[in-house]
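Right after this note come the structures.
Okay, so chain A shows up in both of these, paired with chain B first and chain C after.
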Partner chain A sequence: MSERLELLRLVRSRRPLLALAALLLFLVLMLVGFWSYAQARSGGAATFEYTYENKSYFNGLTFALYAFFFGFVLLLPLFAALEGGAQLAGDTGSGTLTLLLVRPVSKTRLFFGKLAVAFGWTTLLTALFVAAALLLGLFAVGWGDLRLYPGVLQSAPRPQFLPRDVALQRFALAWLAASLALLAPLSLSFWIATFTRSAVNAVGAAVALYLVAHVISEVHFFEALRPWLFTWHATAWRALFREEIAWRELAHHAAALLGQSALFLALAFRRFRRREEP
Partner chain B sequence: MNRSARLVELALWLIAALAFFGARALDPARRAVEGDAAKWWPAKRPERSLRVVTWNVGGSDGGQPHSLRADDLDAVARTLLVLDPDLVLLQEFLYPRDFDALRARFDVGAGWVRAAGDVAIVARRGQFVGGSSQGGLALAEWQFEGRSFAIAGLHASAWSARARRGEIGRAAESLLAITADFHLLGGDLNLDIDRRGDLLSNDPQRDAEIYNWLAERLVDAGAGSGPTAEPDRRLDYLFVSNALERLAARPWKGRRHGTMDHDPLVVDLRIR
Partner chain C sequence: MSAAVEVAAVTKRFGTRAALDDVSLSIAPGELFGLVGRNGSGKSTLLKLLAGLLAPSEGRVRLLGHEPFRAREAVMRDARFAFAPPALFETLTARETVRHLARLGGRAVAPREVDEALAAVGLVERADDRVRTYSFGMRQRLALAIALVPRPRLLVLDEPTEGLDPQAVLALRALLLALCRDHGVTIVLASHLLGEVESLVDRLALLQEGRLLFCGAIDELRAGSERLRIVVAPRDGGAGAASAASAAAAALRAAGIAATLRGDTLELPAGSCTLEQARALLQAARLELLEFHVERPPLEALLDRRVAQAKAASHGAANGATR
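And now, the complex of A and B:
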């Protein structure tokens, strides 16, 4: 009952519409960027599909992978953080949480009901984003085999080739792995949301912390800190787009993400269950 | 109710602890370092292997780059004696001063091919059957154990990705135009494909492009072996024909002397 109510409130909040609109706008801008890239770099001499490495390199799958990677790093964690702020801090600030607790429902049920709805929505949003990127790539450019090269996405130490059908299977796996990775910023936002009654403050703090962790994990001077930052493990799903998947390496990153998510959730739940509601 | 909430919280702590232990046990970097340290020692080389070393023996003193210094020669020669390579690609190595000094300390056997500037190819075994220089590029034809090798030694531009791309591309084209059983291209290419290069290159996209163009033609034998230069960049490369099997590849740490700023990259190969 509690979960159904949370789901209904999520749909009525229009946050899903906002997230979907933002992701669609991002995809369209990415497509425009890809169209103009070759022209700008070659002074108009090259076509959309041209790159230095291989004239048939660029296709709808390449576009979908690039779009998904940058969307995953820069946008999806923000929507995950938004859920924590809205679900816990927002409800606390508006008094909804107090009203909910008047009913015979435990804090444990309420907390994990909110978490389940937020995680379910984040997973669905990730699936919709992957599907939209693939479909846009299909209709705008056309699919083909996936060729990846070292350097730009830092996804492979040597050139990789995946036939189209294999690449599509890897996108499905990447969706699952990326969804697990988004549990960490979601859990962090739940924890932060237990400290404040303002959804804006909770979301702002969670987003700021995410960005700090992301920047630190990307700048190689701070290499020693990387194992402790979920942002470093979060993009490990890129390894799924190698010809031979290093499952052990992926399991390492998945375990690290699960550990950090569980840590944030334990801290969030501890504070949530102990605090006095107004 | 309170008790069940406590149990749920405890379960979360347990999951976190188990996951952290699992992540640590599965950490590929930790396992690789421990495993390789036990197995790899540069004085031991696999039987019937070809050992190639590429080393920029210059350095930087107070921000000013310099070529090999007389004070560092003994250390360089000692390292090469321990490594006992068949082939050495040297950069920041000036002719004739450095060559004569090195020859007094290290048996160069088959001789050397040098390029204008600071690049040299030195062979301890086998035999050079041809050599030429194109600007800063040294090209050599070398016979070793009855097989023919074409070798390019290069020190690419440090400051311009555009110039680097041209130098590396021309070197590879010149190398691959030589008919030989195997091709090797090595040296200080001054690009770092392992890092997000925005802070360290004026055009990381260009660096990625030329690396990938080269990697489609030859195999990066030092891939995944770690940084070779200050501060922690992989700038030194050895690209080889696919028919050469990579047995081991590693920068040998701790062999810099004075203000030298590169480690020697040691690669053991075997003909498939």
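And now, the complex of A and C:
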């Protein structure tokens, strides 16, 4: 079946190794960044066990959440876009799409087979990233309960406290929610990949659009546009780290994300099904 | 019996440029058919139309009873295509490539079938090596092996001998003939190597600048192109060879055949008469045909002549239109 073939091709490609190496490097850089920041704040007295200004606040879980959030915003969408570009535009450019199209398999099956493998890989990559962030946090910083203050990781108006075990469960939920959120940049890259025969162009265009959307959704001036940008809804999983989860709010964001992903996918599929392969 | 391939008044435009212009041809089941033409003649476009990768702008294409662009999946159950240059999955082995592609469409494939296809193209020893380590010729052979599993009813090959060594070309030729004759597989062979096409196919189509210049049997293309060279002698053995040749030339000219005398040999222009007609005329002049030689021009020359004729005709039409 086409999914098995796509999976084998993905495993044999350099993309998984590249993505894992980049994410691990990112985690190490984050850790070094926190440590050097704490060194500066503590006059060189910081150790990896207490790498922040308040040792009761910062621990391995806090580190993992910071790393996960910034990795999710900066790196994971790039790898999601890379899959879209490689799966469709890459195959078109190299001529291997023709190899698939001259077999008795429908374009529908091919398209959704590629999507399933790309989404599956993105989900696994997210899981590996979260697990690596937690493990690195555990070994380098040490675990404790999760305390969050209003700021980049938590938009709640008052400080939040989650016991360690509850926080770990929330990480598992956040992984699922973040994976779902990555479907949007993945779908966008699939759509763009139907217009070009070059994987580089497809990935570049998808990442550029993602960055523009992300910047617009972060700038208050464009507040009215936010509900229409998947990037605004994509980081809503942070609300899972509140003491009381606002499920209704999360469901609203999830529906918006899924709706936009479905739109990108519908456009991509329509074009892929109808287009000629000159 | 309905045609395996039917192309009816097909035109394919890219923007305003017509890559194919009003092309019609039909290929019968079990036929070995050649598609020839220079670069840019429209061969690749026609192959892509057959594969359902392109939709005709006008006209209709049918393969095995289905329209490939609309019912590609149905066509591909029994049709296989190998395009040139072969695009393959670089990180897979030949065995994995053949097996996984054969499974697309839901059919179970026995390992024996995969091994047989790889053996048929001489790739068994390197079957478990990654494709990225393959030479161009090996890639060509792998593309053919892919097309053989499961065995198709229709096989369309684009430049299949390019990059192959002479031994592999002979093996490929034998394989294609066996598929066609023993298993009734319809084969369409697109190539610019006309000698290769000539040695294999029963009929061929010649494309030039998107137009079909010829479609038919090679004998049909050759008709009237064979030049006859003969050596004669008097029946009673009286005169010498030179005077016999002069007498023969006179007899033939009297019958309206512009024979040219070259020493003791007479050269008859292409299509002026058959060997039997020449023999009868000479007998009437009390001369005997001692030797004959039929000169067959290469297929390239015949096709070039067709192309030149078509160009002259289109020039003539253009001049007529401007007057």
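Basically, the second predicted complex is superposed on the first by the 261 of 278 C-alpha atoms of A that agree within 3 Å, B and C clash if a C-alpha of one lies under 4 Å from a C-alpha of the other, contacts with A are read in each partner's own complex, and residues count from 1 in each chain.
Heads up, the rule we're going with is that contacts are C-beta pairs under 8 Å (C-beta built on N, C-alpha and C of every residue); 3 or more make two chains touch, one makes a residue touch a chain.
Source: prediction; values computed, not measured.
Visitor: Which partner does A:5 contact after superposing on A: first (chain B), second (chain C), both, neither?
Guide: Second partner only.
Visitor: Look at A:96 in the shared chain and tell me whether it touches chain B only, chain C only, both, or neither; answer first, second, both or neither.
Guide: In the superposed model, A:96 contacts chain C only, not chain B.
Visitor: Regarding the shared-chain residue A:13, is it in contact with chain B (first), chain C (second), both, or neither?
Guide: second
Visitor: If you stack the two complexes on chain A, which partner ends up touching A:106: first (chain B), second (chain C), both, or neither?
Guide: It touches chain B and chain C both.
Visitor: Applying the touch criterion given at the start, work out whether A:242 contacts chain B, chain C, both or neither, answering first, second, both or neither.
Guide: neither
Visitor: Of the two partner chains, chain B (first) and chain C (second), which one does A:164 touch, if any: first, second, both, or neither?
Guide: Neither partner.
Visitor: Which of the two, chain B or chain C, is in touch with more residues of chain A?
Guide: B
Visitor: Name the residues of chain A shared by its contacts with chain B and its contacts with chain C.
Guide: 106-107
Visitor: Residue numbers of chain A touching chain B in their complex, please.
Guide: Per the touch definition, chain A meets chain B at residues 51-54, 106-108, 112, 149-152, 154, 157-159, 218-221, 223, 227, 246, 248-249, 251-253, 255-256, 258-260, 262-263, 265-266, 269-270, 273.
Visitor: Name, in rising order, each residue of chain C that touches chain A in their complex.
Guide: 14, 48, 51-55, 72-74, 76-77, 79-81, 83, 85, 87-89, 91-92, 96, 100-101, 103-107, 146
Visitor: Residues of chain B touching chain A in their complex?
Guide: Residue positions touching the partner: 1, 4-5, 8-9, 12-13, 15-20, 22-23, 26-28, 193-196, 199, 204-205, 207-213, 215-216, 219-220, 223-224, 231-232.
Visitor: Which residues of chain A touch chain C once you look at their complex with the stated criterion?
Guide: 1-2, 4-5, 8-9, 12-13, 94-96, 98-107, 276-278
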